[in-house]
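Next come two complexes built around chain A: one with chain B, the other with chain C.
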Partner chain A sequence: MKLITHNMLQSNVKGVKNGYPLGIRATKLVIVDVPCNLEYVKNILSRIDYAVLRLAARALGYDELPEEIPKEAQSNEDFFNRVHHALYNIEVEEGVLVCQESGREFNIKNGIPDMLLKENEVK
Partner chain B sequence: MEKTVNSKNSLKLAKSLQYKQQKKEHKARQIIAQREGKPVSELVSETPTRWIFLPNFGAGSHVPYDELTAYFKENFPGFEKLTMEKAKTYVMLTFDIPEDAQRVFLALNHQFSDQFQKHVMVIFSKNPPQSDAESATRISGLHLLEDFISETEEAELVQEIEAEDSGWEILNRRRVKHWGYVFDYTTKHIKKDSQTSLPQFYFPVIDKIMRTGILSFRPDQITVNVYEPGAGIPQHVETHSAFEDGVVSLSMLARTVMDLKHPDGAVVHVVLPSRSLLVLTGEARYLWSHGINGRKTDVIDEKIFPRDKRISITFRKVRKQECSCIFLAQCDSWLFRHTGESKRGNTKIEDSFVKDVYDSIAPHFSDTRHKPWPRIQNFLSQLPPGSLVCDVGCGNGKYLGVSGDVYMLGNDQSVQLLKIARDKGHEVAVCNNLYLPFCSDRFDVVISIAVIHHFSTEEHRLQALSELVRILRPGGKLLVYVWAMEQENRKFGQQDVLVPWNMEKKYVQQILSQVEGVRKEKIETLIHSTPQVCKQNKDYVVFQRYYHVFRFGELSGLLKRLPYLEVGDEIFDHANWSCICTKN
Partner chain C sequence: MSRPEHVNPPEIFYSKDEAKKYATSNRMLEIQTKMSERALELLNFPVGSSKLILDIGCGSGLSGKVLEKHGHFWIGLDISRSMLDIGKTVRGESSQGDTLEADMGTGISFRPGTFDGCISISALQWLCESNSSDQVPIKRINRFFNSLYGCMIRGGRCIFQFYPENPKQVELLTTAALKAGFTGGMLVDYPNSTKAKKYFLVLFAGMLPGQALHQQMPVALGTEEGSSIKYESDRKHTKDKKGQIKGKPAVKSKEWIKNKKERRTRQGKDTVGPSAYTARNRGPKF
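Showing the complex of A and B:
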């Protein structure tokens, strides 16, 4: 599971008001090398939650993203390379996602997060 | 010079085409020989005969029997009949004289048929199709007892019936009268409060039926059909919930031919002689449908018999409890038990006939699902780079890699299918369409291909669609495909159906080796409890998938009930209804 996917995921457990973002813990990480398409990353940056991406990357040991999106971001190639790395190169193979509000943990196995709820957790 | 090269090339082309055709035909002959259990030389004739093998048009090829029959009837004089049998990949055609069959050979052999979208091969057969009587015995649960009553008994019964001058219902070229209970042809059920006692004149024949030992109860409902010459009765399965196992019918006066059809398309013609008793039990009663084609004459053992007036008496036992047979796809009781069920999470149907089935058939299913449909592929490839796309119910992920420049997140309930998508390098998550684990207003595009029809209540279908809209950003686009009821190659009698999936047995071990724990037990139980069949000498496990097939307008109707959504036109594509919507 890449962090771009983590950026979309939220907990839907019954009773939870704010299930976003999910905490993340990894027991197995894989770093891949996806070619960077700057145009693509620039477009995606406006669609994702940057603060959540930065926190998740830090939780997985990648601390190279600045706290704020730089003002001259559009021309800052180095910044986009880092965003690209955080979004696409870091993969959680084994680990858990944690609902901050309820503490419910969702397993990640073989890179696939299991977000299915039990019958009594459905709203 | 140039000319020579060209003609050389075209000669080469013609030769290679001829070689391909020969290869195809050789394979087809081998298949016929294998299935018939005889060498090719005993089966195939190199000179025209009255009988033709037509490979690749067999039961299960999705060319309906009636359509194929109509085609030959219209286009080829001298066409007598088409024989389609269960578990055969070819059909046989019978013509009046070899010259009639030769015309088919000249017109169609090695041509591509636009109507059926198939390559046609015409192979002459040395022998006529196996006799129908022989085929009938292969239907499990069918009993045909000839000369069941004497001519005197027949005459007495006819006289009693003809003396009844009231209470007849006039249908299309036949009239019916019920005793015991009234059967309502609109609801396909008996009228519960209509019970009357049976007339005495039926007792001797009922006693005689009971003495055969085939029935385990005494019939309490009788329907008499009086057919005018040439009249028929539409194909039907006796309503499961209305009658017990064991449907008996006594034929009187003229003989007729009844067609029994298996859900996979096989047809068996059963000659019903005068004074014979037909008893349908088990598979023959619950799974096969039966009916009589309306026509003036029948050809039986090479002789022509005109259809005269015929009377049949049907004896049935009204069911007091719901049916609990194993033929779920034909069983109204089963669907009734489950479709109405209201539940927050998955219903029993959605669990047992969708989720568990996809988990069980995942590798086989995936091997058959490679090609993206062009209209969907086109839609995805036109998206701007960096778009966020969610494919809800992505299965093996055949759309996830279609466009390189967008982020696609696939999800499904079936972990086994997702593993296949993941192995191809796609981003996936296990979740349920009824409660998607994604932020609201996020995705630029959401696609739902062949998913919503797997929800068994309207409430769930609507909820699943509303979740798709929720995760879509304002201005984002939703593309939905669902299976249509109005398909050319498949006919549905109702909207809630189970559709068989035949999985080759070699996949069983593959799937069992991939799962463990509770999941493995579940899949093992499912595999052991499903019927197994043998086709083309291969063993299959037959799983049933639940579908709610959509009528035209139903999908857009549901979508229009959702707020903030602009619903586009409903379009028919690949046997599906589809809609593109925009979130406001």
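Showing the complex of A and C:
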């Protein structure tokens, strides 16, 4: 699972008001190499929660993201490369996602999180 | 195997063996790729742009491959773990896609305004089935469309290719989608052909100001004249007075027997080959 997915995912377990963000723990990480598309990263930056991305990346051992989005970000290629790396190159192979509010855990196996919920678990 | 959704729930039907069959079948590959290309065309993104697309029922990622070929990034979900595992190996490491194991009937759990577009190839019909006593299709359908509407950006499009079992299903799905806030409707490609006919549910998640023109229903393929199968009123074979078909050798004639022998040999049946005596008049008998 990539961090872009983690950044967009929220929990819709019954009774949860704000199921975002999900906690993330990894026991096995892989660094892959997805070609970077600057135009796309610039676009997607307005949609992702930067603070969440930074925390998640740090939790997985990538500490290269600045605390705030730099002011002259549009021309800062280096910054976008780092965001791309955090979003797409860090792959969680084994680990767990946790809904902070309900405590429900979602296992990540073979890089694919198991988000299956039973009928009585959802609204 | 006309309706897999009647056989077993999706996570069981697409078991390890079935998933492997599906992923290695050339025919499946061709059909799925074609339909994904068409769905992507219906999404109507500007040429050369890279978007984030949701793929519902991504399976082993055949549709994802098409999205990647056009430079898009995608997140796919599917209920079958076996299909996802195969997809993961096939895609390799530098893929622009990511997958989740999730059930669309329990809602699409993404943040509001996440996706530029959504495609789904041959998956929606599964939503109309109840696979356990606690699953109520209508409730699942409503939950699905409501949550999907939430995670699309304003003006985003959703294209569902699916196989409706009957008109009632189509009505059920469209009504639920419109109730959730979508606009749009059904699009039928090649409506005059039995085999090539494809159903697409085209949905618009609201629209941006000034986008009213952009959000017109796309035009279906194969509706113009000439592409349809013409009705031929005159019969192919006209019979003469004796009941013989014109243009063909008369029954039991030499020509006819020769043809028959040839046909049978071709079919690999036990036949005595033609000789000098074939269809010769045996002469009068006492």
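The criterion applied here is as follows: the second predicted complex is superposed on the first by the 122 of 123 C-alpha atoms of A that agree within 3 Å, B and C clash if a C-alpha of one lies under 4 Å from a C-alpha of the other, contacts with A are read in each partner's own complex, and residues count from 1 in each chain.
One rule holds for everything that comes next: a residue touches a chain if its C-beta (ideal position, glycine included) is under 8 Å from a C-beta of that chain, and two chains touch if they have at least 3 such contacts.
Computed from a prediction, not measured in an experiment: that's the story for all the values here.
By the touch criterion defined above, A:Gly111 lies against chain B and chain C together after alignment on the C-alpha atoms of chain A.
Which of chain B and chain C touches more residues of chain A: that partner is C.
By the touch criterion defined above, A:Pro35 reaches chain C but does not reach chain B. When the two structures are aligned on the shared chain, A:Lys2 is found in touch with chain B and with chain C. In the superposition on chain A, A:Val122 makes contact with both chain B and chain C. In the superposed pair of complexes, A:Glu72 makes contact with neither chain B nor chain C. In the superposed model, A:Asp63 makes contact with neither chain B nor chain C. With the contact threshold set out at the top, residues 1-2, 4-5, 8-12, 20, 37, 39-40, 43-44, 47, 110-117, 119, 122-123 of chain A are in contact with chain B in one structure and with chain C in the other.
The touching residues of chain A, when paired with chain B in their complex, are 1-2, 4-5, 8-12, 20, 37, 39-44, 47, 106, 110-117, 119, 122-123. Across the complex, chain A is touched by residues 344-345, 384-388, 390, 405, 407, 409, 411, 413, 415, 418-419, 422, 427-432, 434-439, 442-444, 473 of chain B.
Within the complex formed with chain C, the chain A residues making contact are 1-2, 4-5, 8-12, 19-20, 30, 32-35, 37, 39-40, 43-44, 47, 49, 88, 91, 110-123. Taken together, the chain C residues at the contact with chain A in this complex read 49-52, 71, 73, 75, 77, 79, 81, 84-85, 88, 93-96, 98-103, 106-107, 109-111, 113-114, 132, 134-135, 143, 147, 151, 153.
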